[in-house]
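Given below, in the form of structure tokens, are the structures.
Next, two complexes with subunit A in common: one pairs it with subunit B, the other with subunit C.
What follows is the complex of A and B.
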């Protein structure tokens, strides 16, 4: 088991290295320059790019960057000195709020999703089941920013119950802590729509499958009461696959809340990824990308280890004669499987 | 199966070939070098339709390069003259009798029209003649490549230009090559275009800031335009060979050569914006050059008459006892407050409130373009190359708590230090190009390869830069060539003073984002608060001209990338005091309100014809 874990961690390093390399090359190939001031003449621009080593051969630039990364220095912004160290001054600074809003949305999504998914499965083909199915399809297919716009229109502009967007408490400008908390309600609701819908649908499918299995029949035959069958046997078994999709979903909520953050003026992490990319701020873009990848592979590692703990067959496979590349392909495959589980459910 | 596929393939190929037949496309890069072709294209575009119907924000259609409302120079009577007014006096013959209708409520009811005014008949005639001259067959389509950047707000303009040319000039096709802004900057110098979309706003208050672009060999001259007479006029004006009215007329002639004789440019429009602003706000006017506003001049009308009864709450919030407050919106965080490295409008704008250079941009309502700032007075040598500034001796350096820093005042050394930082190749400031623009002696150091030099050697080189403290309060600047717009540039933030001792104590952290304590202030305001929610400018009691400053506190709320509709909602809720209506729909909804204000801009938007860059 230890060896299995060790192999997985090694693989993470390989994966992250490849991600950095490919992203670096892609950004290098992107046309343009971080110095986008139209007032600079081409020769002035070239001279200033020379100063920053941006006209060196790609291998030299890549080597220089990787050497810095090996010392855990991910660099900062090039064209302005806004950030010297993108990790310390930007990511660490902004992560808490993104994580807070994403986290609450995930908890709400999980609780509501599991509850209503289970209820729908228990009362199959009832009006409740049908409405859960319909709402699930709506929730999965309508993008979250549409909900955000509707919420803003109804609750902020028409009813004037909630603030139009998030504002941090600041007595100087006249915003209280109450305003700050109220401002988080709409983004959280908008963000939790997708988790609610997908967990609900996933939970329902799993539970329906469990209900038709032999051991439930046996439990019923033993004369157990209905609640006992549902809670002790059915839901517990149905929950295991549901829980495995929550990990990647958490990352998606943090990485993918871009539109919602823009909508509600949340000074979070994803807001500036697009800005940095368009400004051709290579190091800043790479650092944020790297951070997301790191979180992703870490969650996959945890899920993988849990799989290993639960299912001995997976542990055995790791001792087979697969080479490093083979293992990598296998882990990517598995990653995609867990991805798909989060998005699409076959009913 | 294979058989079916191969039959399908052959069929598709045949259809494709048949489709191409009879529709021969030829490149327009040869024709664009012909002046009559360029004129035909220029006259074929209905610019007023774009500004009035598509844009609908009271921008002016432009048949001219140098914008309307731009200071041209000194006229016969010794007073400043609007460039366009003079142009019309001199070359009225070329200007059509019909003028564009201007938005109601503006000072003039009609906007000046100009060279190559919209005229479909003449455009068609010129185009047909040119086709004959070039021997273009009836079934041939001439394709012009138009290089543009893919900002969403511009696509309606590109489509309009394309539709107008293709509709009015038969047998033309405009192929829009849409790339990112950064990529356009890379692509334009290579000449891989027939038509290039560009915009230019002034750096300083002199028509040269526009006209210089098309002098032979200028780095921005992407179309390789070259006309000896044009070059002569601009270069002579630059070194001060013409003065007064003569100089103004030289510019007017140069513009006529560029647009009427050679048709190198196709001006489209001069952008304006419509916004909502509290009617009680006074002197809140845009500056033509540099930072948008100078808050030093702004004030509230405190009389009861100015405020309606229903605005009582708002008045109480803004004029609270002795303290007056102004609330504004900031849509992006201030990136960098170190004056010698910063590059963006938001930083420049804020620097202009908290620090002060040798000169200050004047109150837009007054006749003065520039007023003395840190410099109390100045003298110019006879050849116009050496400026000696006498600084005021009583301006303290202020900390972010409003008190004086170490009993220090602004001295000539502070300017020398900041300018050398701007030129320092180790700092590699993007805005060091300004030293080249104003022609400070020894600007070349900024771009020198110093990898093999020691720090001491670089410092020795930097000491040769044409800026010198000839006394504690006397600053001498030496230029390569005389250029009188130099003085105006002294109000630009890149040339502001920096206290060396304070900078050295912080190093790289000087002026960093979100750290008001990492700055020293010598302007009308200082940053009393700066965090992720915005920043606050507090009136400085130690500012030499504090009696002029009226607003005590300016609070900027940061709403990054706020949607236009959200911005307006904030204004309506009383959160901010000024907002721009950024979409046509918003202008339509709110355009009739009593607090609507049109803000002029002197940015010219135009198409460049690729005359000679092949």
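What follows is the complex of A and C.
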């Protein structure tokens, strides 16, 4: 297991390096400048850009940037001339809100998705199953901002139950904590639609498949009651593949939050990413980008480890400290021994 | 002999988009304590559906349309499995009637230890403590001849070969000393040497436990090896049933003739193997008369018109063909089959 995790961590470094490189190049190719003040004359702008090395050859800029990154300095914003560490400036400050909204949406999505997906599979072809199928298709095919717009129209404008935009609690201008929390409800719902729908559909398919497998028939043939068959044999096996999509799901949420945070005017990290990208703030964009990528690969690593905990087949294949060849020899040996012992090999 | 199971006029259907599949049509048979009944017949003839009905493990779209499946408890009480409530059925499954399936690679739960899977029916049906159940499970693993049983308890199915997994499935099935063990092609998915070992194991355990065995197979060699009686199924019906020697040496139904003639053995050595022409009938709309008539060289006109009843040939031997009617023309079974019959006197079929 340790070796497995170690290999995976190495892969993470390679992945992150590639992500930074590609993104750096893409941002370099993007037209525009961080210095977009219309009052600047072209020559003034060029001078400022020269000062920050923005007109150097791309390889020089890239090398300079990577050197700084290797010292864990991700730079800051260029135009506002704050070369402070962007991590302190933005990520630490703005991440909690994004994480909170995304995390709650993911938890809601997972719990509701798994529950209703499982219920649909258990009561196959019932009205519940049919609704799950229809709602699932709607949920995955309509983008979250459409739901956001509908929610705003209904609950903020028509019913006036919830605030149209997110407002930070600020007693000075009469915004209470309650206002702040109410403001999070619609973004969370809008964001959770996709995870609910995808996890629900996935869970249903997996469980239906598990139900038709021979080991479920054997469990029934043992005389186990229906709940025992479902909870002891079916759910666990169906959850294994479902868990693997929760990682990618979390990442989809980041993409979703890019739009939703702007939609509800939430001062979160995703909102900043969009702002920085539009302003061609290369370093700040890359820093947030790097951070999201880091989250992505970490989430996937955690999911894979969890997967190993649940699925004994993977756990065993990876817990050996032997190399690949050693493992192969050992498994052949083991098979040979057990076959012999079981009397399977005829001499 | 003491009766364990009486199936009477069983009809099983499946609702499908194409219509109602009549998978089992009016099947009746008895099963006695300690005997082995082999069920043979082409793919799709209803062997699995028949045994799954006995366990009430039909797919959701399956129904026992009518008929009785009477199970005789040891104390003499008789219940009709076809009408039993689910709760009662759970007490029969695994405890009174147990089942071994075709594919050992898929019939064990991949995420549960072997030990837990064997202990499950024990804990469910016998009032044993966890510790005693564990002990019992360990004994069962050694009973099916797998070494280091204590260590095996903690292992997962993927650490076992196919043959060993089937042994484990057998251990699960025998965990609560069932009176009936249903084996649905338990060796089809295994390679030949292991097939023989599994069959020997089943035979040996049957003698130990005195369970009655219903053994589904395509392999007539296996049938001759283990069966006391044989039921031949065709298109959802039993077309012939009798002792092994009845069916092997004096078969009466043209389908059985075809089945025996199409199997290589010492009687047709060197000859071109016979194969039954045509395909089995569509069970969405089964033919009116004898379902085999269309493919039979021996069909009488009446066979196309009316379903033949089960004719009694002897106390143990029955077959459903109009050829057995007293007024039917006398026909000769194929040569191979006749030669077999002639050998009956000299060969004593175990």
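One rule holds for everything that comes next: the second predicted complex is superposed on the first by the 298 of 347 C-alpha atoms of A that agree within 3 Å, B and C clash if a C-alpha of one lies under 4 Å from a C-alpha of the other, contacts with A are read in each partner's own complex, and residues count from 1 in each chain.
The criterion applied here is as follows: a residue touches a chain if its C-beta (ideal position, glycine included) is under 8 Å from a C-beta of that chain, and two chains touch if they have at least 3 such contacts.
It should be emphasised that the depicted structure is a prediction, and the values quoted were computed from it without experimental measurement.
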item	value
First (subunit B), second (subunit C), both or neither touched by A:278	first
Subunit B versus subunit C as contact partner of A:150, first or second or both or neither	neither
Contacts of A:58 with subunit B and subunit C, given as first, second, both or neither	neither
Touched partner set for A:38, first subunit B, second subunit C, both or neither	first
Which of subunit B and subunit C A:138 touches, first, second, both or neither	neither
Touching partner for A:66 - first (subunit B), second (subunit C), both, neither	neither
Superposition-derived comparison: subunit B or subunit C, residues of subunit A touched	B
Residues on subunit A lying within both footprints (that of subunit B and that of subunit C)	none
Residues of subunit A touching subunit B in the complex	31-33, 35-45, 47-48, 50-52, 77, 79-84, 89, 157, 164-165, 167-168, 170, 172-173, 175, 262-263, 265, 267, 271, 278, 280
Touch list for subunit B against partner subunit A, complex	179-183, 185-187, 189, 199-200, 203, 218-220, 327, 335-336, 338, 341-344, 425, 428, 430-433, 436, 447, 449, 508, 511-513, 529, 531-534, 536, 555, 557-563, 566, 569-570, 573
Subunit A contact footprint on subunit C (complex, rising order)	55, 57, 60, 86, 90-95, 98-99, 101, 103, 106-112, 120-121, 124-125, 145-148, 156, 158-161, 163-164, 167, 169, 172-173, 193-194, 197
Of subunit A, residues touching subunit C in the complex	124, 213-215, 217-226, 228, 232-233, 236-237, 240, 310-313, 316, 334-335, 338-339, 341-344, 346
